[in-house]
Structure formats: C-alpha cells, structure tokens
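Here subunit A shows up in two complexes: once beside subunit B, once beside subunit C.
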Partner chain A sequence: MGTSKVQGADALITLENVATGYGIAQALWDVSLELHHGEIVALIGSNGAGKTTMLRVLSGVLPLWSGEFKIQGQSVKGCTTPDLVDRGICHVPEGRQLFFGMSVEENLRMGAFALQKSSAEINKNLAWVYELFPEVARRRNQLAGTLSGGEQQMVAIGRGLMGEPAILLIDELSLGLAPVIVDRILEALQVIHRQRQLTIFMVEQDVEVALSIASRAYILENGRIVREGRNEQLMNDTAIREAYLGL
Partner chain B sequence: MDKTVTAARKRSPAGLIILVLAAIILALLPLVIQGYWIRVITSLFMYAAMAEALNLVVGYAGYAAFGNGVFFGIGAYMTAILMTHYKWGFFPASAISGLTAMLIAFILGWPVLRLRGHYFAIATIGINMAVMEIVTYVGITGGGKGISLPLYPGDIVKQGMFFYYSMFILMLVSIAITAWIVHGRLGYGLRAIKTQPDAAEVMGIDTTLYKVYAWSISALITGIAGSLNAYWLTFLEPIYVFDIMISVEVFVMVLLGGPGTILGPILGAFFLKLLSELVWSQFTLIHMGVLGLIIVVISLFLPAGLMGLLRQAGRWRRTAPQSLGNR
Partner chain C sequence: MDWQVIINGLLLGGLYGLAAIGFSLIWGVMNIVDLAQGAYLTLGAYITFWLFNLWGVDPFLTLPISALVLFGLGYLIESQIIKRVLRYGLVMMLVVTYGLNLLLQNAMLVAWSADYRSVTPAYSGAGLVIGGASIPYIRLALFIAALLLVGLLTFFLSRTRMGNAIRATSLNRLAASFVGVRTDFIYALTYGLAAATVGMAGSLISMVYTVSPSLGGTFMTKIFVVTVLGGFGSISGAVVGGLILGVTEALTASYVAPGLMNAVSFIMLVLILIFRPQGLFGKQFYGVTN
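Moving on, here comes the complex of A and B:
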C-alpha cells in the first residue's frame, strides 16, 4: 500500500507556524510540520529543545498562542484533549505514566476509555495487544507498578493502541531502557505499523533509535525546526552526524 | 512464582457474607438497645455515611477536600429554612437540601477542582469559612443566634427509631453508591486521575468533569446527612454545623479506615466514634490531643488504614506456610 507524499494532499496532521509556551516563557517558535497517513516520523532534539512541548500541542494539553493546527485539513485549534482523542490522536507519555494502582489489564482497558465500542471489540483489541507483547500478557493480573521499565513501556504503548488511534504520539520511547529492550519495542512498533497502517510520530533524543524505523524526521533546536528530511538524507548529513550521532 | 505479586482483587464471598450479617445485626440492634446507645449508633451511621462520601473525593479522586463539612452545614440550614419559614415537610426539604449541596459543589467544583494538592485543600477550608460567615449574617438563617426546627411528631422512642433507620439507610446508600461508582467508568476514571492526572487526560478522560461529578455526589450525601442531623437535633447554630472539626474528624475516619476502599471509611468511622464514645468521653479536655496523636500515628504506621492492615494480615496468613523467600 503506497502512501503518496504529495505536500498537503493527504496530510493527517498539519501544524502551521505554531508558537506556544508556558506562562510568559515561549517554548516553540514558528513550527510547521506535516504528518501523512501511515508514516513513521521522528522528532529529534536535545534536552529542552521543545520536543515534549510539541507533543503537548499535538495532544491538545497545551493551547496554541498563534498558528494553525489541523487534522485532515480541519482546524482543531482550541479543541480539548478528549476531543482530539475522539479524532484519533493518542499520546504515549514520557516516563510511561501507567496507573500504578491498577493491574496491567486494567491499564490496557483504560486505553479504550473514550472509545464507544462493544466489549467484544475491546476484547479483540486486547487480544491483539497481548499477541504483540506476550511478555505483558503473562503479567496481565499484576499491578502495573511491579513491571520492569521495558514491560511498562510495552503496556503504555498497548494502552495507547487500545484506543484505536489513527496516530500514535510516543514520547521518549528509549528513555532509561536497555538497548535490547528498545530493539524489541521498535520491532513491535514496526509490526503495529505494518498491520494497521498506523501513523507514528516519535519524539527521541536517541537519533539512531529514531532513524532506525522512521522514514522522515524533523530536527528541533531551541524551539525551532532547523532541519527536516528523509531518513537517509539526515543519516548522511555530516553536521547531523557530528551533533547527534557523535561520529 | 508470581503468586505473591498477583494483586488482582477478587471479591471473596466470605467478605460479602460478613457484610450482610453486619447489616442484619445493625438493623435488628434496636430490639435490644435503647436510649443512649441508639443515639450513639445513629451518629455513628451519620459519620460513616459522611466518611464514605468524603472517600469518593479523597480516596478515589485523590483530592484532599478538607472543608467537606460545608455541605453538612448547607444541608442542615436548607432543611431548617424550608421547614420553618416555608412549612415544608421533612422529606421534600431533605431532598432539596441534598440537591442544593450537590448543585453548590457542582458550581464551585469547576474553578476549585482545577487546583491541585494543598491549594485545593486550603480552598475548601476557605469555602467552609466563607459560607459560615454568610449564614451568620443573613437574616433568614436566624444568624448567630441559631434556628429551631419543628419537633419530630410522635414519642421519643418512635423519634429515635426514625433517625436510627434513616441514618442507617443513608449509610447503606452511600456504600451502594460507592460500590457502583468504583466498578463503573467514573471509578476507573477517578483512580486514573489519582495516579496519573496527565495520562488520564490523554486517555480522553475529561478530568475536571469527573472530579466535579465525584465532589457533587459527595456533597449530595453529606448534605442529606446534615439535613437529617438538623431535624434530629432540632436546633442549629453556624458555629456548630460549620465547625471545621467535623471536616477534620471525617477526614481522619477516611484515613484511619483506608482511603480508596469501599468499606474502609465505614470501618474508620465506627472505630473512631466508638473509641471516642468509650474512652475519650471520660477525658473531654484531651480529646483534641488524642485525635491529633491518632492522625500522626496513622500517617506514620498505617498509610493504607485499617483496610490495608486487614489485607496485609490476610496476605501473611496465606503466605505463612510457605518459606519467607520470594520477596
């Protein structure tokens, strides 16, 4: 299934000249970005570049100061988070943020909270998540807080998938995880992407992780997008190799 | 090997049987007790219902509503005004009192429940104080002199029975409402908000709305408790019904029993009230001191309350025959 990449034609999500921040502290300047159906796109940047802020804008937690935010060409500026969840946006937050007082299964079911679906359909999704992450399935009745970091990340992603999103926003997937676990999760993301043609937007500090599955990437520095390009272009860019890969 | 950490809670039928037995015993108790003890247990039911109501906000949503007694006072005064000035019967007056408390919580909830942590706790205390001032200086409430309600028609024994069973039913209803909420969407939403408010929001939970719901239901039950209490005592004064110590005592009951459990607050209310009736009533001067001491002891040694202790005891009993490894 080939996804056409004509600019603006089938953009699932569009940000145009967005500025925002916290109180009087501006965090993003003139940010524009487009995500298309079925793409995996990475957002790369160092600490404090504004990556998480960008995800907060996309999930509706942080209002825009100026600029435009569209989903499938329709403006969603000023929409609340539950509205955006309804429109298929799912945010897998940094640090997993599982509901620790609940079991793994309850956490996953929470992901379908806003979904108006029959329990049969929800159970089908649950079975699918368990199939993707068998290591999590084995621990379905354990409290979420008793899981390892990697398993928690799997539950967090699984919880996101339970909401049948059109786009998955993943914040710092690799944070604090062993490389072998990160590889395992990236592999699962590729399976998810292949099976459901899901759009994935991942925010990463680790450029190698990001570019290993993303087809395109944006580079954020000090609240501005300084570069964008296809995976191989960026990989071969000497400036980027020096700044982010240390090669 | 996963046994020790498998924490998915299953309702044991034994627990339910004990619960039903306890309810039957309490329902039949007036056959053997009278006078003083009827009154003690009536107030016990009232506090248990209020603790259960507060538990929705404190235990499930995780918001330290320190001034929930304000709804107790609002319910009491609403009933007094409707019955004395407008000659309403008790039941319609009581229903309107509960709904008024609920409506006020619903309206105040939107701004106040956006606050988190200490700020919310302090705001609720402020509301309690502000309402007390308003009631003191408004004519229709009788002001600082207080207000008298009509007496319950019938002899003193019938009156005792009426309030005993009314409070008993209120307590059962508060338990039923809590159980219903906990196993439904609202309960899951609240628990999610308590542990991870930000994640709850990106799951599509309208967090402010859910907190407002919880607080409103809490206010409804507390308001009806206040209404019943007003009719029972037949005399109200602002400094009695808006006493911040009512809020504090109910709060301690929730903490003592186990916040975020269905029966914990009931247990906490019974325990604290009976203890205070049996022991401290002999030493009225140090009553407050002992209450303070209990708060300190709970927060240091019983963070999950009596219910946590019971659960822990159950776990020890189950794991005792095996070796103490694993953990």
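Moving on, here comes the complex of A and C:
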C-alpha cells in the first residue's frame, strides 16, 4: 500500500478501488489503475466487461459510487465532464459522436471550445491536425455526417487533439473499420504520441490492435481488473493468448 | 392575382416567422415542445403596451426591454423548473410547459384584466402606395424589424462561440460536453434566448393586434403550423414557413372565407405531416441550422 501511494504521487491519473454502475446495476468493482505521463496504455476486455464504463468514469460522465479518482494526486471526484476537459482529459467516444450537421472544420474548431487561446494558436493546431490527417483536410467543408467511418474516426481524434489534452481516452478505435484504415490511424496516433508526449489510454476489443502500440495493458473481466502488465508479458501469457488472441 | 392580398400576407408572415423561431430553437436544441411560448409572447406584448401607455415610450424602443425581461424570465424558468423535469421525457415536458403557460396567462389576467388594449403610435395610420397596393409604414417596419432580428439570431448562432456551442449541443449533447461545453448552461441560455425572441415578436405584434392575456394562445397555433412547415430546428425554415402561412391566410380570407383561415392552415399542417414530415426544408442531420 505504501509503495502504491508513492507511485500515485507522480501518476497523471489514479483510480483507487473504484465502484460504479448504472441505476442499481453495478458495472465496476474495486477497480484501481494508474496512468503515467507519456504512456500508451490499453484496456482490454470482451463485450460487456465494463471498458466503456471505465472511460465514462475517467471523463466524468458517470459518477463514482465509491473509491477515489485523482489527477496528479488531486481528487477530482464529483467533477463534471467539462471540469475534467479543463484539466486535460479528452474522451474520444465510441461511435465517433461527431456533430454530424456541422462541417469537418467546424467540428475540429469545436474541439478547441474550452481553450483560452488566441485564434492564431487554434489555427496552428488545426493545421497540425490537417497535416496528421490529410484525407480529412480535403473534406474540411463537407458535413461530418457524410464522411466514411475511418474519416469520422480521424475527425473525432482530431477534434480531441484541438483541445490540447494531456490525456486522450479512445474508445473502440477499430470498431467497424477496415484493417488498413485502423493501421493508418494507429500510425497517426504514434506520431501524435511522439510529437506531443501525450498520454493515451485506449479501450479495445481487438487485442492485437491494442498491444501493437501500447506499452502496458489492463485486462478487464466482468467489471474487475484481472491482470495488468507490460505488453510482452501479456503476449507471452498462454491464458491470455488463448482467451484474446485465439492462438 | 391581387397583389394587395399577397403583400398583406407576406408582411404578416414575417411576424409569424419571428414568433416561431424560439419554439423551433427550443425543439431543436432541447427536444422540448414548449407550450409556454404563447405566454412569453403575450408578456412581450404587455411590456410594450405598458411602456407605451404609461410613459409614452416608442413601441420599437421597447424591444430591448422585452428581450431583457423575457431572457431573464426564460433563463430562470429553465434553470429552476425545466432542468429538474427534463429527464422525465416529452409527455412530462408537455404537462410542465402547459402548466407554465396557464400560470403565466392567468397571472396576467389577474394583474391586467381581460380587457382588449391596443398600442397605437402616431405613425400607425400612414403608408405608401406602390402599383395600386398600399403598404402601411408600420406593417413594413414590423416586417423589417422581424427580419433584422432573425438575421441577428442567425449571425449569433453561426458566427459566435456561444452560438456554435448551442448548435453543437443541439446536434450531440454528449459530444458537446466532451469538448468542454457546459450543456446545462447552454440549455438555460437557449431557453432564455427563445423566450426573448418570442417576447420581441409579441412586442411587434402588439402594434397591429389587440393585446389581451389570450393573445399568445391564438399565436401558439400559428407557431405550430409555421414550425412544421419550415422543419423543426431550422431558422430560415421558420421564416419561410411564416411567410407561407401569412400568404395562405391572406388568400383564404379574401378568396374563400375569413372564417376558414385556421381550417386551411391546419389542413396544410396535416398535409405536410403526411407527405413531408421533416418540413419543407428537410435536413440530413438533426439539430439547429440556419
């Protein structure tokens, strides 16, 4: 316990013994987690394991029933989603959740809504996002709802980046996308990670996708974290290989 | 075709359009059918009447006062009442806004009686004649004022930070909170803005209609028709819907029978709902648009 407290002090995000759920249905039990500055960490689990629920806790959509949630050692229990956005958390939700009736560029600019920055700085970020995703730049004046799934995912990540977050929470990046598009987006994420030392926490059903860029992973089963470790450790674990990689 | 009838219809239609915008905005952003809009319209009309009657304030100059008072009232009602019942769904919201409407309407009845009152500034009789059709100055001024206010609101929604936040919230409330928009505040802001808009419409309407506590009820039915015509959540749609309704009413009144005006409007409403439920300006993506 003593050591985990020392670790907790320099962790960017800490969850300690968190429980939560929907109405009376509990979805997470005794979940503890630490994310450090500049890490890419994956959260792996099957359907209904509670992965999205965990992201909802981290982005303030779902309140904690018990336990503790800290950012840089400071408790943020009870903070609303916009409060957490101000503290550098950005949730790129499952299903992209773009503003379909707005243009691509309007979507990206909305990403900078909470930033107190000059328009020159915002334009600089916009140019950076377009550089990361040139296929999106070509469609900047198109309504976001008319884009393909992959392009929408790029806009969703780009919108997140426009807010200059400290940590990006990405939910089911690969869902419904062709493998070649997934690779393209993972590549961009690595570039983003290199250039901005962003912490990335990604939720994935596709373990291969998750472990291809993450350095660490947590495994969630039935609302509890059952394993955690560095990815080479997990990859070599027979039980995990059988359960998640089908090897 | 008698141009006079068309012109009368268009001039009136501009006011209908302005009156319907608040209703359309609230529906587009908050998914609420706000039956209290009629009461806000009446209140706006009374504000103009009393300022004009007691202190001789020019009716056009009462617009900002109507807007401020109704914005404040709307903001308060949303943040204190509507916010608390929002999660109980559409039917509950109908009950609550209907109740609010009754409450406000009866409060006005108690305070100011059911007397019919009118606002008649000195310039209300004059007009100009173009090609045989006469256009009263005041009707023209009302029309222009209505369009200016619509333009102002459109500018606000499409060009300002808060306007963009309102549109974003209307399109996807959850995503809006993920980019840091405080959507509770946006709801209260939208509701206040809608009340202010319909209140200003009431102020303008007071110059050509008699003012009584039941004024808003009459307009509520028109607001419904206009919003369905133009498409929920569409501002330009509300304006065009207003113009169409105004012209339809004028044509019905002079060529069919004045008593059938509402009947024709509602037949139009039903036909639109059957054949083009998304309104004349159907949209691909739901939310507030210009």
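What we mean here is this: the second predicted complex is superposed on the first by the 240 of 247 C-alpha atoms of A that agree within 3 Å, B and C clash if a C-alpha of one lies under 4 Å from a C-alpha of the other, contacts with A are read in each partner's own complex, and residues count from 1 in each chain.
Rule of thumb we're sticking to: contacts are C-beta pairs under 8 Å (C-beta built on N, C-alpha and C of every residue); 3 or more make two chains touch, one makes a residue touch a chain.
Not measured: the values here are computed from a predicted model.
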Item to complete: Could you tell me whether subunit B and subunit C fit or clash when both sit on subunit A in the superposition?
Response: clash
Worksheet item: Given the touch rule stated above, what does A:85 touch, subunit B (first), subunit C (second), both, or neither?
Response: both
Practice prompt. Figure out whether A:141 sits in contact with subunit B (first) or subunit C (second), or with both, or with neither.
Written response: first
Worksheet item: Thinking of the overlay built on chain A, is A:59 touched by subunit B (first), by subunit C (second), by both, or by neither?
Response: both
Worksheet item: Counting only touches as set out at the top, which of subunit B and subunit C does A:114 meet: first, second, both, neither?
Response: both
Worksheet item: For A:103, is the partner it touches subunit B (first), subunit C (second), both, or none of the two (neither)?
Response: first
Fill in: Touching partner for A:163 - first (subunit B), second (subunit C), both, neither
both
Practice prompt. Could you pull out which residues of subunit A sit against subunit B in one structure and against subunit C in the other?
Written response: 59, 61, 80-82, 85-86, 90-91, 93, 97-102, 106, 109-111, 113-114, 143, 146, 159, 163
Discussion item. Help me check something: in the complex, which residues belonging to subunit A touch subunit C?
Written reply: 59, 61, 80-82, 85-86, 90-93, 97-102, 106, 109-114, 143, 145-146, 159, 163
Worksheet entry | Parts of subunit C lying in touch with subunit A, wherever the complex brings them together | 161, 164-165, 167-168, 171-172, 174-182, 283-287, 289
Discussion item. Please output the residues of subunit A touching subunit B within their complex, sorted ascending.
Written reply: 59, 61, 80-82, 85-86, 90-91, 93, 97-103, 105-106, 109-111, 113-114, 139, 141-143, 146, 159, 163
Response to the item:
In their shared complex, subunit A is touched by residues of subunit B numbered 2, 5-8, 185, 188-189, 191-192, 194-196, 198-206, 260
